[in-house]
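These notes open a run of structures that come right after.
Common to both upcoming complexes is chain A, partnered first by chain B, then by chain C.
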Partner chain A sequence: MMKENKQNTLIWLGLAISAIVPLLLPNHITVLTYIWVMIILALTWDMLGGQTGYTSFGNILFFGVGMYVCAVVQRDMFSSGLERFERVSEIVVNLSVSEYFISLAIGTISGAIVAVILAIILGSGILGMRGHYFAICTLGLGHAAAEITSGIEYLGAGSGMVAPLYPSEFLMGKEVFYYYSFLLVAVATFFLFKKIYKSQFGLALNAIRDNENKAESMGIHTTQYKIAGWSISAFFLAIAGAGVGNVIGFIDPVEIAFSGPTFGVWMIVMAILGGKGTIWGPVLGAIILYSAKETFWTYLLGWDKVALGLLILIVVVYFPKGILGYFKDKKQLSDSVLSPKGEG
Partner chain B sequence: MITYIQILISSPEFLAQLIINGLLVGAIFALIAYGLALIWGVMDIINFAQGEMVIFGGYLTYTLFYQFGIHPILTIPIVAIALYIFGLLIYKSVINRLLGEKDIFITILATFGLAILMQQLMQAIFGPDVVTANPELGMLFLFDGQLIISNVQLVSFFIAVFVGVAMFILMKYSRMGQAIRATAQNPRASRILGINIEKVYANTFAINAALCGIGGSLVVMVWTIHPFIGLVYTFRSFMIVILAGLGNFLGIIFAGMGISSLENVTGFIIGAEFQAAVIFCLLVIILVTRSIRARKRREYIQ
Partner chain C sequence: MNLLNVKSVDKSYGGVIANHDVSLNVPEGKIVGIIGPNGSGKTTLFNSIVGHHPIDSGEINFDGKEISSLTIPKIARLGMLRTFQQTHIYGKMTCVQNMQISSDIDANWKRIFNPFSKEVDEMVDELLAFVGLYKKRFLLAGDLSFGQQKLLEFAMSLMKKPKMLLLDEPTAGVNPTLINGLIDRLRQVNEEKGITLLVIEHNMRVVMNLAEHIYCLANGTMLADGKPDEIQNDKRVIDAYLGN
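On to the complex of A and B.
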């Protein structure tokens, strides 16, 4: 393991670089923004998927819920003077600077709150299950949400909604504003999760992963811990979703908000690729996967999603411990002769 | 919504129509679910790529029908053999390495990756369009045309029943079937008694793939398919297996037909655009009620 102060120096160095980067590379700022989004997605997935060992396929639900709640608040909060359009998907909201930021803040927070409430309600039903049943049930969630949203006219049905326009060049423009917002949220998520994993709460989560029955018999209310963990994930995921909706500027139920084949799968692959159950793994996986996707996946011409499926299969079957897990095993192998398999 | 319920109440023959359609198609779902129950019971693996295998079988029938002019019903044995070999390949390359894995989520994730890979490959190869291979067998009018059954559905129902009965007999009396059942009961004991477990597992997975392929051929004749519809079939087969329980052959048939009829009726009442959502929500509801019932007995489902 890295020494604590050495690690801190690295973190601060990385943060300093990421704070300056958008000024140096103004053309790539959207890609850089997405790297922060991906880090949030991977970190939040890892709370349940890595720390408690419960592979959830439905976390995309909270992402989409945050996105939609924020968009609805932004649309309806100051919309008394708006002329009504025939179709919801054609409503474009023009807000003044203060209106935009107030509605964005309230929308994001209410999105996060709705997501947390949903996580608690759904979690108390679903998180009592284990194994196969849990996995299949969560896989149903995201798809059900997409199907239901596509049928609701208030949310623009299948053609989606349009996020309000960013008020001109305020605060150096939309890209820069969202870059720093996501930087802040990602860093906050990282440090909070790091603290959580070191606390007693984190130990309880790990106890669930290692042996749930034993954890239960030691007096840990495992379901409640899982619900709490899921709610924390849902909170940050919804914030990320609210932001992404505004960055893209257009919300579609199947392709963007509840998009299983893109965001929904990426968050799982990134966490596993980096090494699930670690704090740095999801960060590493997010940076590697998204940079790789942006640099060379465009050359695959429509075969990029095939490559993603192949990547999941290869990573899961051959490197289930991810990059960090691989190095950890190697280090343990060289450190100890007594336990060459690195158990414990 | 209430008007639709009123229609159903005022004209029972329409309700009967929906239910009979559901019963006929339900046999196909039961066949697919039987394959899932087989590998779940024998290998303790759940296959998230179940629906994708169905769709793959459907596309094979479609291709054989339109490219080579083979009648869809005659393609069924070809598709079954092709999927059997495909299943063996998947077993050797992926599933084989996951057996004995303590963390069941690894196997789930692997089959999930397989599902995405198959979806995208099928989209790349066959295109994203909705296709069907209807053999145009005409309609059957019963009770002065009050009840209309398309012959394709009837034929596919009988084929599904035939394959199901054949599977039942094979599992009961053939040597490999007995070995599979023995392995499901106790893998360690069967290995001691000289059963080649590896071979049993490979065969079980391949049989499941072949069943999916047959199901897919029937689906493409009765309905339509496209590369991303597979998940719905995965969910249906899960629901059927969960309702019926593992290794309950008759239960799977009844659950398959029941779920399919229920789906038809609710789809009519709530609207066709919500039909997929109904399937997903139904699964979640079934599981949550089961989980709550189990919690009252201080148990959990896994």
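On to the complex of A and C.
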């Protein structure tokens, strides 16, 4: 198909630019890193929220869990620094290059595994419920996690934790390393999800979205598919969380790890803005929303939240199906007039 | 041998007794009809059989297994599928996708992250042609007419190669000239694929033509059953229809 070819060319072009962009814009590398993070957040939210039609307000849970599990592994794997300090939140561990990356890798994977286990347990409990009831059940997840974490001294309680120092002797700077790491994870997530949505599994998710009663009556174990979908999301979200904790360098239960009003809401808005239920929608939404947020923040200091809110309002009112949905509808109209597909 | 055996099933919704002491047998390989006035409990009986809701009392036996406490997907996977009176299709997916997802995806769950196999795609084309929807295969199912959706839903259930199909008013909303074709296809499915059929039908001509045995429900109870000509001349049945 020509369309597929065109798309692939675009993807490779985009990736090539992304690969050299940190060299061209060294001052904006953190913002660019966050765009990759946002793409992961929006993509993972959309697996249930868009493809399956199950709105979750609690995905931030997996993000925070990944962040905390990774931080603990990084802190404790090569040193038991706990005794040397009065307060956990003040512990800063100094690791050698190999120690840093080994603990980061193991911490990230551990975080992802814990998040998947959580998704399976939680999902078994609440994904048997239909759409709105599930959505309501997820409302408190992030908040509950923040509350619980704030009470655990081992995790620094309300004051949070500090990520280990990036080894300065390593040949690649911290910003550059995390930029490319997130680029890699985002691209991997994108291609994997793209493959999933074209597979039997992906179609099962869509079937649940369109008519869950029918899917059940046709013998599809819908709850199991929903749980599997949520677990896949949790896996990649936790990886993102683990990385973000290190980029910020400081973890806090309310403001960062389980922050509903920022990451938690953004992931939903980005997916809807771009066009939920599509593979490109969340990517587009993430790029636009995060760029807008940064621009507003730079130029409209103080009014940035108002501007962002306004943008969201415009999208919801004028583009309820998102930007891609809007163009898809337009295209379908012209397609049905121009192409003989319907008759073929 | 009876493939389906329903014994003294009771089901009420709050105060409404929808089914009371309902029994029926469906022999393997046969076509059995259910008739009855609106609200007589036909759809409720289907819902009870396929596990849509728990029954208040009674027994339901399918293919030698007691199924009255099993879930919908479990019963479906035993080989008994139903179609709905109000069509149930996946509206935002194409006809082909509707058919593909109706194949037995769990049977080969190790390939669940792969696209559909060639065999599935061939079966999809064959069955879409069988119900006369091949030319519409790339349309969104939600854009089909009601009658076409009924045909699609019928074809979807064939993807699963069921032992038995429960059809809730398959000809309702289907254009009269297409009804004859549909009857032929139902019979063909029964004869060639050996699928046992239990059909709810308001259209007397259709059910008399199709079924070898007919049950008549009225006010939630089994009023009569017998061969088509027996039912046709049964005074209680005539009264039930005229009286309502």
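Everything that follows uses one rule, which is that the second predicted complex is superposed on the first by the 306 of 344 C-alpha atoms of A that agree within 3 Å, B and C clash if a C-alpha of one lies under 4 Å from a C-alpha of the other, contacts with A are read in each partner's own complex, and residues count from 1 in each chain.
Just so it is clear, a residue touches a chain if its C-beta (ideal position, glycine included) is under 8 Å from a C-beta of that chain, and two chains touch if they have at least 3 such contacts.
All figures in this text were calculated on a predicted structure; none of them were measured in a lab.
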item: Contacts of A:K328 with chain B and chain C, given as first, second, both or neither; value: neither
item: Contacts of A:T55 with chain B and chain C, given as first, second, both or neither; value: first
item: Per-residue touch tally on chain A - higher for chain B or for chain C; value: B
item: First (chain B), second (chain C), both or neither touched by A:Q200; value: second
item: Touching partner for A:S217 - first (chain B), second (chain C), both, neither; value: second
item: Which superposed partner A:W303 touches (first chain B, second chain C, both, neither); value: first
item: Chain B and chain C contact sites that coincide on chain A, given as residue numbers; value: none
item: Contact footprint of chain B on chain A as seen in their complex; value: 53-55, 57, 125-126, 128-137, 139-141, 143-144, 147-148, 150-151, 261, 265, 268, 272, 302-303, 305-306, 308-313, 316-318, 320
item: Footprint of chain A on chain C - complex, ascending; value: 50, 52, 72-73, 76-77, 81-82, 84, 88-93, 97, 100-102, 104-106, 111-116, 135-136, 138-139, 156-157, 160
item: Contact footprint of chain A on chain B as seen in their complex; value: 40, 46, 48, 94, 97-98, 103-106, 108-110, 112-121, 123-124, 231, 235, 238, 242, 271, 273-274, 276-277, 280-281, 283-284, 287-288, 290-292, 294-295, 300-302
item: Chain C contact footprint on chain A (complex, rising order); value: 195-196, 198-201, 203-204, 206-207, 209-211, 213-222, 341-344
